[in-house]
Amino acid sequence: MDWQPLVLTFKLAVVTTAILFVVSIPIANWLSSTKSKIRPVLETLVSMPLVLPPTVLGFYMLVAFSPENAFGNWLNEYLGIKLIFSFGGLVVASVIYSLPFMVQPIQAGLSSLPSTLKEASYTMGKSKMTTLLKILLPNIKPSLLTGIVLSFAHTVGEFGVVLMIGGNMPGKTKVASIAIYDEVEALNYAAANSYSLILFSVTFVILLLVYLTNGGYFKRFAQ
Amino acid sequence: MDWQPLVLTFKLAVVTTAILFVVSIPIANWLSSTKSKIRPVLETLVSMPLVLPPTVLGFYMLVAFSPENAFGNWLNEYLGIKLIFSFGGLVVASVIYSLPFMVQPIQAGLSSLPSTLKEASYTMGKSKMTTLLKILLPNIKPSLLTGIVLSFAHTVGEFGVVLMIGGNMPGKTKVASIAIYDEVEALNYAAANSYSLILFSVTFVILLLVYLTNGGYFKRFAQ
Amino acid sequence: MIRLNLKKTLQSAGGKMVLDLQLTIEKGEFVTLFGESGAGKTSTLRMLSGLLRPDSGTIEVGEATWFSSQENIDLKPQQRKVGYVFQDYALFPNMNVRQNLEYALQKNQDRAIIEELLEFAELVELQQRKPETLSGGQKQRVALARALVQRPEILILDEPLSALDLKMRIKLQEYLLKVHKKYKLTTILVSHDIAEIVKLSDSVFELQNGSVVKKGTATDFFGLNKTSAKFRFSGEVLKIQKEDVLYVISVLIGNDIIRVVSDPKEAELLKVGDQVLVASKAFNPIIQKI
Amino acid sequence: MIRLNLKKTLQSAGGKMVLDLQLTIEKGEFVTLFGESGAGKTSTLRMLSGLLRPDSGTIEVGEATWFSSQENIDLKPQQRKVGYVFQDYALFPNMNVRQNLEYALQKNQDRAIIEELLEFAELVELQQRKPETLSGGQKQRVALARALVQRPEILILDEPLSALDLKMRIKLQEYLLKVHKKYKLTTILVSHDIAEIVKLSDSVFELQNGSVVKKGTATDFFGLNKTSAKFRFSGEVLKIQKEDVLYVISVLIGNDIIRVVSDPKEAELLKVGDQVLVASKAFNPIIQKI
Amino acid sequence: QKNHNRKIVIATAANMESTMVALTNAYTLKSGVECEIIVGSSGKLTAQIMEGAPYDIFVAANMKYPQAIYDGGKAKNAPKVYAKGKLVLWSMMENITVSIDALSDPALEHIALANPKTAPYGVAAQEVLIHYGLNEILAPKLVFGESVGQTDQFIISKAAQIGFTALSTVLSPELKGKGSWIIIDPSLYSNINQGVVLVNRKEETNQDAQGYYNFLFSVEAKGILKEFGYLVDE
């Protein structure tokens, strides 16, 4: 059993979820509070990464990020960022692909808060930022949790985009989902089963801990 | 251009989303109101279909539903249901795979409603069912929308599970995502691009209409 | 006849508070729960209507047992025929005013009640509005009207009138009395307003720290039947003015302000905001309708 | 000095309502907005605090312009230094009572105010509790205390005391007066309670249908300075009893009940619940602190 | 027409698709039997056949998968080689002269090949690298496609500057004349044998499947296979 893909998977899932969390909050906040007419268009766009088959999306990304291309070249030359066949690329691709899983629940959560909470905070001289961080977000915990769980689980299981942009390089971009896929493809069902089982169990435990923490089980225990 | 896969895709997405909607509401409702200790376990389980690579999940489903197997055989013999290499199988697989996208947002939405709404309805002699349908669900529209959009888009783009369990049979189980994948694999990029563009555009328009309707744009227009 | 015998441990101000309650309410009575904030009034009402499970005890209404920890009986709120006006209104945001009322209709109930209630609560013009666009007082009227739709056997009012202006308040008090008399429904009110209580209720229970500490008919409770030799009013000092050697003290009694002449010694003891008693030995009042 | 000159079209009971308002409030004054439900009181306060954008007009506070549709000025709520007690409390559900107060602290502000306010509002024992576990009255006390934390220049109170019991109400009124005097903050109150208004406010504005229809100092407004030859009280008839040839009518005045003897002719005109005037020609009251 | 209902279902590997279209067209013309092509990765098709997929014949891109089907009792016959693949080294970059030596150019960032675990072309490519002693040295630059098709995508997008793929790819109508390629000496890698089996279906046997099976070994089919870049026994 090769442990590297599993380690890589959880590293990818954690990094992706963290970045998504940070990126999605301002987007969701803007979407939930704007009265702009282009809002429905942007709301729709956020969901669009889901619509293409992952491998195909990955292929388009591969073309876009390839250093042979204006954009990829610019990234490479001026920012020194290489997005293909690298862990960084996996992260970027996963972030783009899982964006709707984080943005949408957060947006729905924010929309359902009573507006007086926000207003009360403003009249206390608190900035929009402070209000968001200290008042709004802490009061939509179920939605944040949904976003985190969906993004995390989805990144763990994703392999189409990741395979395309990552190139299945052992220790670098070969995540567990690819490894399992390979084993199934190679008809090594026993190996696939053990990988699956481990991936499944570890993720199960992680998510269970998240839910237990959220449900206050540990706090109750500590008292 | 072969239109059949596109038609099949939207048929699958609509049927899957509709079934998911009906199935997820009681699950989400139970999860959001129960005080049972196994709640976090079930919450976690709901997200688990995401964790395995779609093809692998598809493989396990294939094995489970196969008439070569006890369960698949029972389905086939006693209920006359064939779940592999059939449209029905695609629907079942898509429903299982996209379950978290529907359940989680609805659950988060229900959790954030003030409990007096429910209580007020109960004291009016209304059953839990009536209360759910007439009071709770209409007041979590943003969350329902999130669930619908995520499930729909995800089903449109999904191909791993579908390919495995459906077997890519033209007019029956060959959906657009598979067709695009095939074209890319066969290096027919032009064909893949046109498929993608159509899939993308149609889905964009559908989702945009959903958002516009939700935002009340049409109502405002009608007045 | 409603008989409550309830025990429930609540998280209260000073740690745990045990609500331990014996209450008997006659059928058709109009009863008020009175008491400090946090005394357990709302919790009592929630237990009666099945929204909060008591730790132990019984709830009997007429011949029926609604709750009994010993016999393992616990009727659902739906089975309890209780109309409840919540402190936070609990209007359904997805329905307009009329729909909020219509939702409360029972099967085969005559829809005429809707029009009647819309009229009474002056909601006819507001009937198409969604709750979020209503002012605080308007919301409360909707909540009240909605609770009356199902003509419940028991009507529970958790401070229903507190946010209303005087005119509307008096109008709704009248209506409550009328409804109460017409349908003979047992009504349980939470209120802090003594005038309101005396006007509306037959008997009053005072709760303190989860227990009934005082009860009586409304007239007894506030001393209505005590015939007193002198007339006395309690009021608040609004203003103390020095005029020559005397002081003129303005006292608010109810909605009226009277001025009392007082000597400096007396006046020194007083400050604005004090609760005072104004009494008189000779008072020959004339009564006149306004 | 606060000068409001505002126009705003609102969705009101009878279709559209135009709020058209001219108001001048002196610095440090305690002002009450008075008026029927839906008159536009809350909307006015929301515009003053920057939460609702007027269609046109100006808001000037001291030397500063907070809003001017002509000059395109529109200060954010954060820049307006207004303490606001909301009708629905707007407590932060994620924070306990103490944290709700602490959140309102300004940069470098002395934290002593927290203890002081917790004491005053009798929240010390409740400080670790989350809002959802508080009773209605407790929530309102927290909201009030929280609005005072930042020692705002302008304090806005949208019916802050309506859900409190009498004891707590009087205590908080005292505190409001004290705070108002100590920090000289301009306070704007919405209230339906005349005793409260007269006790607390310097001047009163009555709103009707979005316009100021009457204004004056609190004493003028409710006729406090009118010296009347007779004493009169208005009250409500609670009970009419026949005794021999006479009738004894119980009238509730403020919190007191007095009994007036009346002849059958007079009594016939009255029914329970009527508003009546009780007057007397000779009344030599003694005043006494309770 | 009388042959209206005659139809067979052919499962084939993704990279065989364009070749298979040409083959079936020829067969349909000849026999009037309609052919439906199901493409997929070999592993997936194998799993599906094992679970009773309604395919009549499995034209694989290697021997392992048809063998597994035969071992699993789902094939009527032992797999038979109908063609052999040829490995090429291919690049879309203009500034690269394609050769084995070019692989050691430090300017090259990535070299694409199919995953040896799942694709015989990957095994072949690896054997070639080992033969030249490059496998270890170049290891950090190697990127693996899940299939030949995906390996092609790495090369076409120029994400990988050079890579090993099938001759059939560079000869395909879509890519003819694009980039530059060299054929790798077939003696440097073990045969890329492509096998075919008739699927043992529960339902009544489709006589036409046998017909197509036989057709695959006909002169006409061999001609088509050759044209598409496969080696055939003559």
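Labels A, B, C, D and E are assigned to the chains in the order they are written; within every chain, residues are numbered from 1.
Assume a contact is a pair of C-beta atoms (placed from the backbone, for glycine too) under 8 Å apart; a residue touches a chain by one contact, two chains touch by 3 or more.
Composition by chain, UniProt nomenclature: A, B = Molybdenum transport system permease; C, D = Molybdate transport system ATP-binding protein.
If you're wondering where the values come from, they're calculated on a predicted model, not measured in any experiment.
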Exercise. Can you give the shortest number of steps from chain A to chain C, where adjacent chains in the path must touch?
Key: 2
Quiz item: Which chains make contact with chain A and with chain B at once?
Solution: E
Exercise. Check every other chain and keep only those touching both chain C and chain E; list them.
Key: B
Quiz item: How many angstrom lie between the CA centroids of chain D and chain E, rounded to a whole number?
Solution: 84
Practice problem: Could you please state the distance in Å, as a whole number, between where the Cα atoms of chain B are centred and where those of chain D are centred? | Solution: 53
Self-check item: Distance from the mean Cα position of chain D to that of chain C, given in whole angstrom
Solution: 20
Exercise. Compute the distance, rounded to whole Å, between the mean C-alpha positions of chain A and chain E.
Key: 36
Practice problem: Give the residues of chain B that touch two or more other chains, as numbers and ranges in rising order. | Solution: 55, 59, 184
Exercise. Spell out, as numbers or ranges, the residues of chain C touching 2 or more other chains.
Key: 88
Quiz item: Got the chain E residues that touch at least 2 other chains?
Solution: 44, 47, 150, 153
Quiz item: Name the touching chain pairs, please: which are they?
Solution: A-B, A-D, A-E, B-C, B-E, C-D
Quiz prompt | In the complex with chain A, residue positions of chain E that touch it | solution = 41-44, 46-47, 64-65, 68, 93, 109-110, 112, 115, 117-118, 140, 142-146, 150, 153-154, 157-160
Exercise. Give every residue of chain C touching chain B within the complex, in rising order.
Key: 49-51, 76-84, 86, 88, 90, 92-95, 103-104, 106, 149-150
Quiz prompt | Residues of chain B that touch chain A when the two form their complex | solution = 39-41, 43-45, 47-48, 50-57, 59-60, 100-101, 104-105, 107-109, 111-113, 140, 142-143, 145-146, 149-150, 153-154, 156-160, 177-178, 180-181, 184, 192, 196, 199-200, 203-204, 207-208, 211-212, 215, 217
Exercise. Going by the contact rule at the top, pick out the chain E residues touching chain B in the complex.
Key: 9, 14-15, 17-18, 36, 38-40, 44, 47-48, 50-55, 147, 149-150, 152-153, 156, 169, 172, 174-175
Quiz item: Within the complex, which stretch of chain B touches chain E?
Solution: 55, 59, 62-63, 66-69, 84-85, 163-164, 167-170, 182, 184-189
